[in-house]
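There are two complexes below, and they share chain A, which is joined by chain B in the first and by chain C in the second.
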Partner chain A sequence: MPPARDAMANRGDDDEVCPVCKSSRYLNPDMQFLINPECYHKMCESCVDRIFSSGPANCPVAGCHKTLRKARFRKQTFEDINVEREVDIRRRVMQILNRREEEFDSKRAWDDFLEQREEIIANLVHGTDVAKTEGDLQRYASENMRSIRANQAREAQEASSFKEQQTHEQELARLRREAAKQEYENERRELQASREDVLTRLAAGRPGDAAAIAREGKKVLLKKSSARRSEEDRIRQKQAALRNSDARKAGQAGTAADKADAAGDSGLIKGLKKIVTPEPEKPYDPFGGIIPNKRDYYTLRDYYPSSYLDPLRQDTRMQAGGYDLQEYYSRTLMEAFAGLGCFIDEEVAQRDPAGSLGASGSVATQGASLAAVSTAGTLDPS
Partner chain B sequence: MIEDDFYRTSSQYRLWSFTEASLKAQRATTNAVASDRVRAAIRRAQEARRSATSSATGTPVPEVDGGGGGSTSTSTSKAEEKPIECLTPEEEQQTVSYYCEQIIQLGEAYKPPLPTIVRATAIQYLRRFYLTNSPMTYHPKQIMPCALFLATKTDNYYMSLRQFADGVPGDTTADDIIAPEFLVMQSLRFTFDVRHPFRGLEGGILELQAIAAGQGQPAPHAPPTQNTPELLRRNLFALPPPTTTTTTSTNPQTTTSSSSSTTSTSTSTITSSTPATAAQIKDRIARAHHNTRELLKSAAQITDVYFLYTPAQIWLAALMVADPPLGEFYLDTKLGTPPTTTTTTNDQTSGQLAALRAKLTQTLTACATMLRSYHPLASDPEQMKTLRRIIGKKLYHCQNPEKVNLSRPGGGGGAAGAKRIPAAAAAVAAAAAAGSGAGESGTSESEMERLAKKRKLEQGAARSKDIFGGELVMQRTKGDHH
Partner chain C sequence: MAVSPSVLYPASYEAKVTSTTIKPDANSSENSSYQQNQFPPSHSNNEREITEQLNDDVRLKYIKDKRLGEGTYAVVFLGHLRTKPASFVAIKKIKVNAEYKDGLSMDAIREVKYLQELSHPNIIALHDVFSSKDQNLNLVLEYLPRGDLEMLIKDTNIHYGAADVKAWMGMLARGVWFCHENFILHRDIKPNNLLIAADGEVKLADFGLARSFADPYLNMTHQVITRWYRPPELLFGARQYSGVVDIWSMGMVFAELLLRVPFVAGNTDLDQIAKICEAFGTPTEDNWPGVTKLPNYLPTDSSHVVPLQGRDFFLRQFPTAGPVGADLLMSMCTLDPKKRSTACRVLQHGWWSTEPKPTDKKNLPRKPDGIEKMGHDLTRRGGEVDDTTFKNAARQLNFSGARG
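Coming up: the complex of A and B.
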């Protein structure tokens, strides 16, 4: 707000005195006052340079023992120092408690959060429970470092994209205006040219043709202007379509940005949405958890001595066919132990807990019915 | 154990594994249903015959007549009075076992003989078939060649049907063999995979040989005390000699009773016995291999072990029968010594292993007992006599007359009927479920016949209407058989 600042700077010029060096604006019109958000004591620029150039020092105002640094001195924005302070506090708190509405379960939770934030700000401004509030805030900040960063980044991104959009819109408006101006110019020129044309024809033609020539000229003019108008319409529609698609794209980008967020519930803020980070997809396991060559009863060797099988290793007829003794080994050993630990008397009884009679009965009746049908089939001459 | 999970996915585990009780109940149910059906069918046949004779003679009351008509009617009425004696489940089982042995012999008759695995598969097919069907309904004589032929196909041992039929004794034609094929497949619930213990035995022998050569690989969960190949080898060489070696597979019953007593004391005898030479051990493994294989070929096939145990348990039990110390030793290398000497079982995995080992010992003992209890029917004249009585007389009388002719000439009637069964069977199953239990079987049967007739009629009507002349599938199935 430059006008306000100007007003403040220029108001009450002369009677303004630096509380540290007592020099007044009357003597030094370029004097500027700076404040430090540590204690908000006002002092002039030269004082700041003088006192704090060589490192941090105590505040020169009597009774104020805050240690100040030069880097943090800045110009006062608001005339009222209390407002300045509140704005600073608010900015700081907002930076930490920068949750967004979409992070909350419900509107109610969001509203509660807003109220809580206002309360914290009020506490800090008015100095009630400062230590506790400050502690809460610090704890929250350290616990939610990541989400705070993420939200800050998003805010910055939104701000920049908003600015970009605005400049883009301004640019578009400028172009439109220029185009309109150009158009108006063209139209005017054409009108003039046609008028001149009519005049020259009137001058060259016979007196009887005057009315006809005038009518014709008007007609040509009308035709031209209507053609131009339709052309303009076409261009305008095209531009509108383009604008729409741009807007849509921007919206999509925005929602995509919203999604990218990671935050957990914090102690301070209630009602945050539980954010479930999807399980990272495991690498595909074609065997469904079975280790292909794992065996429990035996360890497969590369070679087993056998007077029966050994000649096969040298037999070219076998080798040529691709016969692999390894396959034979693995298969025989697998079959040697497949089911060794299956105790059928227990497992089958468990498998048909209703009693094996029911199952077997159904099988028997099925067999009987089959028999009955084939009876009918054989009896019936076909 | 991951290998067990592999086995649990097999159809043999899912559909064809039973507890002893459920197996018995299953057989009893099948027998009861089939008996009822046979009685009803014979009664129907008699009634049909009587009505035929009465219509032929043209006399409404044949009793007062003398002559031929009267005599036939009295004979039929006498037959009706006499209750039809059906087979008991035990007799049925004996019959099936007899035909299982027949399969072995029939396989031997071919040149070259059919592979063991084909015969074993065929035997299991036959046994599975007769879990839900009774020999009274379908005579094993008809089913047996079909099962064997099916096994040649599922086990990749190609034979043409003609070639196969030539080997079957008697005047069995190719059509006779193929006729019940669909029926058999259906009763097998279209699960053709039979897990045999033969290949597993080869694997075990491979490992034993590797141990003997000092190249033994310890099992992943084996206790750390016997982890080195050298230690395994030394333990193997220190094994007490098997008492069964002198009298091998000829009569395992007598020898194993003595050997089972020695196994309990085997740990003490290890130290006293002098270590064997490498050649001896090799010879011993080969002999155990051979004997186990013989046992698997015969006893394991004819007894119920395939239904009650897993292939891995079967071959290990057979090895225990053939050479108990060797079998025990091999199991020790896998799961550690029996939990009687629990020194380091505080570890969780070793505790689990010990529990597994204890349970396994029990199961293997039961399986081994069952294997030992088998005696070939042919070797026992007493058994053969009873069998002849059962099959020759009793089964002849209680054979379901409606099922005698499975392959009717004159085109696909049986085959087409069989093909259509599933839909109709489902309908009947639903009807039976709506009613309750065995009491409804009579109505369900009539329902079945009604459905079948209706279907036939519809088929005929459709065929006459169809401008493209009926289904091609029936013609193709007929053509396949030749």
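Coming up: the complex of A and C.
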């Protein structure tokens, strides 16, 4: 017997005794062992009940001072406790670092991420830099709560849709099989019926007609089978088209979900795609950003007394044509004040904050601004 | 702006330009065949040299590619910046017209004069002006490759809804409001003067009939605006009018967008008046004080008087606009210009904030081959209907004697 198997067999024997209460399988055939992922020490169900029923308590194994809770005890899946532990760690890390390939800029970034995740798992399994790694992981988890949730939800959805698709396909296959069976049955029955028909006709008819009747029977059969074949083709094509459209729909659903995800920037993972959240829609501005009736230096009144303009108010023809004195007032005042408050040197300074303009330049612009103001001031308002 | 000397050139041109400015005497002998055969240099007049030089600077900024369209009044070319082949422009070359032997045509002057002043997303941009050989005027205009609103209205394959109409009307109203805010009357608003840019923005084009608001007592011509879009006061021959003439045209465009056919399409001016009366009500001294005093007012048969149409008429006629939209349309199509909404009032209307929200301009319905249409639109002269069935009905504008 090879030594390895021997060792396993021995350990198997050891397993039959609870390390806490020392009761053995022999005395208690229903005995079940449980472990807690805090320390992975094994004990029997009755020990767990006995020690942890009244609340959290220390692990009864000598030298282990971990506080354990009853709720977290579970059955061991893998025989090797190290494998069990690694699987647990892996599951936990994968749940937190659940980024998907679509979220990365490049294949390279995705591969880097995978490597980084393996490194974290390995660190935790082998106990190197545990505190730092755990810290990183917790920080990442709290910072990226939303994207982690979203990815979890998506994974769950994918799993369920995959299952659905599988059952759907199975159902389709079953229907196809049934149809084929039915078809075969029909064919057989028809064949039988036509044979019987030929026989009865042969029995009833004259001996000279025998050959003709036989030929006729064969022809009918042939026609039927060819019609059936074309019908089958048609059904098959339809089903293929259906399957394709299903697949496409599933693909679309996937990409739509990707876009819905909004991920924050994480310090831990590099190379994530920048996700731009669309700006909230602004209310429609009919004026397109320009403020109507904005006048800096004057207010427009409804009426300015003038012997020049007053007769116009009485002129019915002009009134009927819609001539609007208000427009004239507005224009006249605007032209009178146009150019006021234009300080070219200020505008130039704003446009060119580096101040690269030389001394001569500033003098020139100042001169220009003075000129502009003076011309504006002398503008004839009429 | 058109002849700004501070424009940048590719290196080769810069070299030429500097050499000519330094040595004006060597100009003719040394270089630039283009100058030689087009502008025989006159050494006597130095001032002329400079203007020619500036003009050449602008002219050489652009390269004409292909002809987009030709009309009786202008030819439109597709062009691009010499420095940037991807930047397209439309170059509108005004033909030397037989009517205006002594100078430039009125339309061209108006177009340059007003487009130069206006810079707004909903108004076609005039980048530059230059003269080419034979002193032809060339306007370098914004390139608007997506055709016009008329094309979209007429194409039965294109479907659009209330939100799209609202988006288009919003852009039109903004453009018109900006013109009026700068005291400019457009006077030829109609669907085929509303061009569409590559990003879907509607742009007001063709300022061939534009003018600034008139001073008091000054007569303006009433022979403006394409007939179907002409307001009743112009049909009655009013010589003093205001910005609301453009609002009536806007209302007609609005109605046409909703119905997809011109709303009141008369064959003659008289027919147009009759159709307006039939559609909106007969103007009387009660609903429009002073209307009977207008020069071309025609007293209507008292048996034929149609009462002024109320809100329910507009609601019935234009169900797609909704009650608020019908209200806006009604305020734009009021017979009495004094009671009609101004452009600012139109934009302040509640319709813009009601559902449905205007479509985003990039999602608006579009038609692929609009370039030809642009060429066609820009060659037309103001006030013409270019529908072939109405070709004979189109009026030739007579500017002689008219002041504006």
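Heads up, the rule we're going with is that the second predicted complex is superposed on the first by the 273 of 382 C-alpha atoms of A that agree within 3 Å, B and C clash if a C-alpha of one lies under 4 Å from a C-alpha of the other, contacts with A are read in each partner's own complex, and residues count from 1 in each chain.
By definition in this document, a contact is a pair of C-beta atoms (placed from the backbone, for glycine too) under 8 Å apart; a residue touches a chain by one contact, two chains touch by 3 or more.
Because the structure is a prediction, the values reported are computed rather than measured.
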Which partner does A:Arg331 reach: the first (chain B), the second (chain C), both, or neither? both
If we overlay the two complexes on their shared chain A, which of chain B and chain C does A:Gly127 touch? Say first, second, both or neither. neither
Regarding the shared-chain residue A:Pro29, is it in contact with chain B (first), chain C (second), both, or neither? neither
Under the stated touch criterion, name the partner, chain B or chain C, that contacts more residues in chain A. B
Let me test your reading of the model: by the given contact rule, A:Gly63 touches which partner, first (chain B), second (chain C), both or neither? neither
Would you sort A:Ile290 into first (chain B), second (chain C), both or neither based on which partner it touches? both
Looking at chain A, which of its residues have contacts with both chain B and chain C? 290, 331, 334
Taking the touch rule as given, give the residues of chain A at its contact with chain C in the complex, in rising order. 283-284, 286-288, 290, 292-293, 308-309, 312, 316-325, 327-328, 330-331, 334
Which residues of chain B touch chain A once you look at their complex with the stated criterion? 1-4, 6-8, 13, 17-22, 25-26, 29-30, 33-34, 37, 41, 131-133, 137, 183, 186-187, 195, 199-204, 206-207, 209-210, 213, 215, 217-221, 308-313, 315-316, 334, 356, 359-360, 363, 400, 402-403, 405-406, 408, 410-414, 416-418, 420-421, 424-425, 428-429, 432, 438, 441, 444-445, 448-449, 451-453, 456
Per the touch rule, the chain C residues reaching chain A in their complex are 121-122, 170, 173-174, 177-178, 180-181, 183, 213-217, 233, 236, 238-245, 288-291, 293-295, 336-338, 340, 344, 347-349, 352-353, 357-358
Can you tell me which positions in chain A touch chain B when the two form their complex? 290, 294-301, 303-306, 329, 331-345, 347-349, 352, 356-357, 359-382
